[in-house]
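See structure below.
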């Protein structure tokens, strides 16, 4: 069974594994205060073009979102997010569990706009019973989104500006950041992200690491005492160096972007093949996730050899599926998938 | 300025005040364990037709909703509610503050249906990543709703049945319960409510008391240790007898329903007058809240002498306003309002 | 049965009741934004000698403590308190329920010292794994304490100074503030409290009101958005004017202090009588709570006619009991108690 | 610098690393539902002698404690623990952050007794204002404790019995479980633990794994919906197989106990050498942590070549230090430490 159902099917990039093996019996202090974490921080600061950025390492995505959001908000505040955002729908209410409402906005292809944010804030302020409603306290977006779509630089700048205007920190969930930045359709750089977001994270779990997310922020004020929050939320890995070693490796010789580029290229090969076969898509994605709409019987037959995610029922006879590639997806497997699709669809 | 903007403009019904005055210097034990609370419990059990009901007294509505919901849910569960429900929009995220997501359903005239509840539960269970989403744990509805509308007995029975089927406690917010039960359009009795809801509350704040809500439940299992929760949520009034005295008075000689009936009658007089004048309504309400749609200039002129709530912009030139009556609304004031409306609209 | 078991046995001071009766059918806006609340705020500002103080009204003590503490702390912070403090032991974990640890210090007669606070902060900072422990975020004390004891002005100043030094807001629980300030042993004024505390509250429930606590703060920064927190914690009374009316009355013509003085005088009469009879005390209290140590058989006989609280077992044959007076305690009842004590003890 | 300051200085046991390497590019489903996790569950069930045990894998210790405790308690309940317990002092208030008080009991050498638990429960129930205090809801102990000490089988049985009597789940924190069970002073087996605890966890992070803790429970009722809680608390590792692979390896051919035995033997060699030199100990530990009391100047000189943890100031001239061994501690390093100690102390 060839797996295209998500981007965390395999272990870690071989270079990451080699690094972990090569250092395995070394002794270091714990909790992210070792020299490997220190080195990884410098590598990431350099990649972002800003030596003053704060960098913290956590284990997983839900944990990272929860820790950052709970750290930034005051008790009566909520986080603005797309109604399709990961924190809105796929984290078992972890944000609410820390006491905060997700102020969900209708999203177009997984994205929200600066205008929506501004309107929400103004409506809140104009409400005569505003103190009876949750105060918007920050903005959360995913880059790329849960549908593989991308914010343009102009869209991000507009979000940045509206956030600045209304004093809302802007937090970018970069669980798949590499796959976004490596897309040919992307006009944003890592430096742009580091400049426009108050806090963001660079996803490792889905992009070459065994696990791990690097939280990055330009704002020491917002991040004050953040290590307490990491510990409180169970995200302070005892053997913190494992995170440092992985991110140091991924940010050496451009590895993070190289392997991201591979995943996106393979996804776009699948997309092109499907387009050539006249298959419609649920959404126009330029990253590692593709959402073709296929006849149910084809979906059914394909699923004997390939694992993918049934995403959305379109009508009686059609379903949109999600096909995911990753740094670990092989060209051979993609060829087999394309062959199988062609066989079915021609 | 005559006030029709809410149903808590005045103090308490004169009989309630007399009772508080008459007992003022008596000494009783605190925290709701005095004989007045005991007596009030019996009066409420009798009015509900069930001597085995548990009855607890709390101070206010948001506090009551939060305490009940936090008491009933497990940490990974959320409460199903109308997106227009009070807990969804008007309690500063109090439910989320206790760790739980409000699972908001689209509402029609403030109401949700048994079918919607069933569909939500089945979709949750069918979701391949169900453990990544919030588990529906109970259902919250308001009777009457925030728009003054009413569930029919058949609708409540259907909700009861779907809740029973999926093991979801049904909680009814009765902040304005009297105004619902006293409506000529209502086919439900207090006994029905006590039978169909696992937990509900009888609103005092808006119906004749200075403050106070009586939580009623047929289920000792659900209410186990509820007094701990009342205390933890700051709802255990030191001088608990104040709540007992008020509810005892309200549930003596049918006072609660008599004064509710008055409020509804006055509201329906206003409604009739407006209908006769050809004024359209945002919603068909048969209780103490009415939502007529008026030209903006009339709204503006009326607001010099009358206080009401601008509710919703309809178009460039029209606004829906909320007019509220209560147990304390005088017939004279209603006549003055009707006269003023007639003067404007004829 | 004559009741001395607590200071909330009766309703409210007759002047308070008259005021509520006299205004009962007036119409006002809700949620503490009416002119009675406004007037009460001015009266309190005046009594505190500072027209710039923020004043908010809440319903009860646990609610007030929880709302203030949750509002002031960041998520990784805890509140320093005496291990015998009300928030440590008698609020069903309400503080923990909002996510914060109570950092309990050993107390002497219910009091903690500036030195203890300083030591705790310095130890926290010196701890090599400080981020793995709760950060001290504020200080909570009760004035008078739960044992009726008083901080001297010098002790309060020392606490103020250490709090200032380490940037910890100082919060004073004044549930019985009147009984403290009216004690002959007290060298502190209301103005001193308002100057030394960052936030404090003036207890109404136990001092002449039906219910209600007035939160006072000299710091707009700390209190920013506090009304959201009041609402979120269920403390925003719909008919907020009830709080305004009560505090306006209590702070007119010195009523609050006059009735407090009465309660303390009566308590000290009981104390003197017991001392004259050679009865030892658990603690030297100069306020409305007294803790005499009596032989068990006397405790048992007294409890047929008088209600008081068994406080602490001293040895096989003796028990400390709590005798409480209040604004509502009559001189006659105190005389009856003293007579009964004399009869038993002579 | 040779490190003895904790038991997570190194990576993972070489067999664990080989297993991760050997399976690295295999594709599996995520979130702990893969066949490696399934296999690891069976290995653990077998080692515990009970095929019906539930087994879940989480990433770290604080996360595991928080997730289990928040899952088991109702909102008004607290967890009984030693005042020196990890959850009491070293998890940044993570338990309180989920809303629950830690009911800390005075501990002797890190241990609490069945008698203490029984007394606490009875005192709570006998308290006339019991609903104003936190209800004891479960018991937490560490095996071995944070001081390396062990509960005897009789002590554990007594705790089990008192927990059963008062319906309190017993939860055992086994962060160092291997080091406890492998001690020559231990009269408890893994099967005993699995039988006596309602829930416990087998620590991987400190015993041979890169990271990971295996939660084990005999009670399906207590663990109902536990995977929701894992996800909500950020503990559901995307590449869950990493946990399965590690625990499968550790529980193959007795590896977990073999490497634990090594760590304890080396610790006891150090202990024996120090005892022979007449050095006193803070506490009698039979596991991998030792707490000798040394003159300050020797501590100071040793710390040039060895890393250990200054634990407690004994007097002006002496300090207790913690020396930790682990599965990764080499015999050579222990020899060097013993030589250095001898050189200093003879």
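Per-chain numbering from 1; labels A, B, C and D assigned in written order.
The working rule: contacts are C-beta pairs under 8 Å (C-beta built on N, C-alpha and C of every residue); 3 or more make two chains touch, one makes a residue touch a chain.
Note that this is a predicted model, so its numbers are computed, not measured.
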item: Chains contacting each of chain C and chain D, listed by label; value: A, B
item: Cα-superposition angle relating the copies chain B and chain A, to nearest 5°; value: 180
item: Where chain A and chain B are represented by their mean Cα positions, the distance between them in whole Å; value: 42
item: Whole-Å separation of chain centres (CA-atom averages), chain B against chain D; value: 50
item: Chain A and chain D, separation of their C-alpha mean positions in angstrom; value: 34
item: For chain D, residues contacting two or more additional chains; value: 75-76, 91-93, 97-99, 131-132, 228-229, 231-232, 236
item: Touching residues (chain side chain B, partner chain A) in the complex; value: 75-76, 78, 89-93, 96-102, 128-129, 131-134, 309
item: Residues on chain A engaged by chain C in the complex (per definition of touch); value: 31, 70-71, 74-76, 98-99, 131-132, 135, 225, 227-232, 236
item: Interfacial residue positions of chain A with respect to chain D in the complex; value: 1-3, 5-6, 8-12, 14, 17, 20-21, 23-30, 59-64, 66-67, 91-94, 97-98, 205-206, 210-211, 228, 231-239, 242, 307, 328
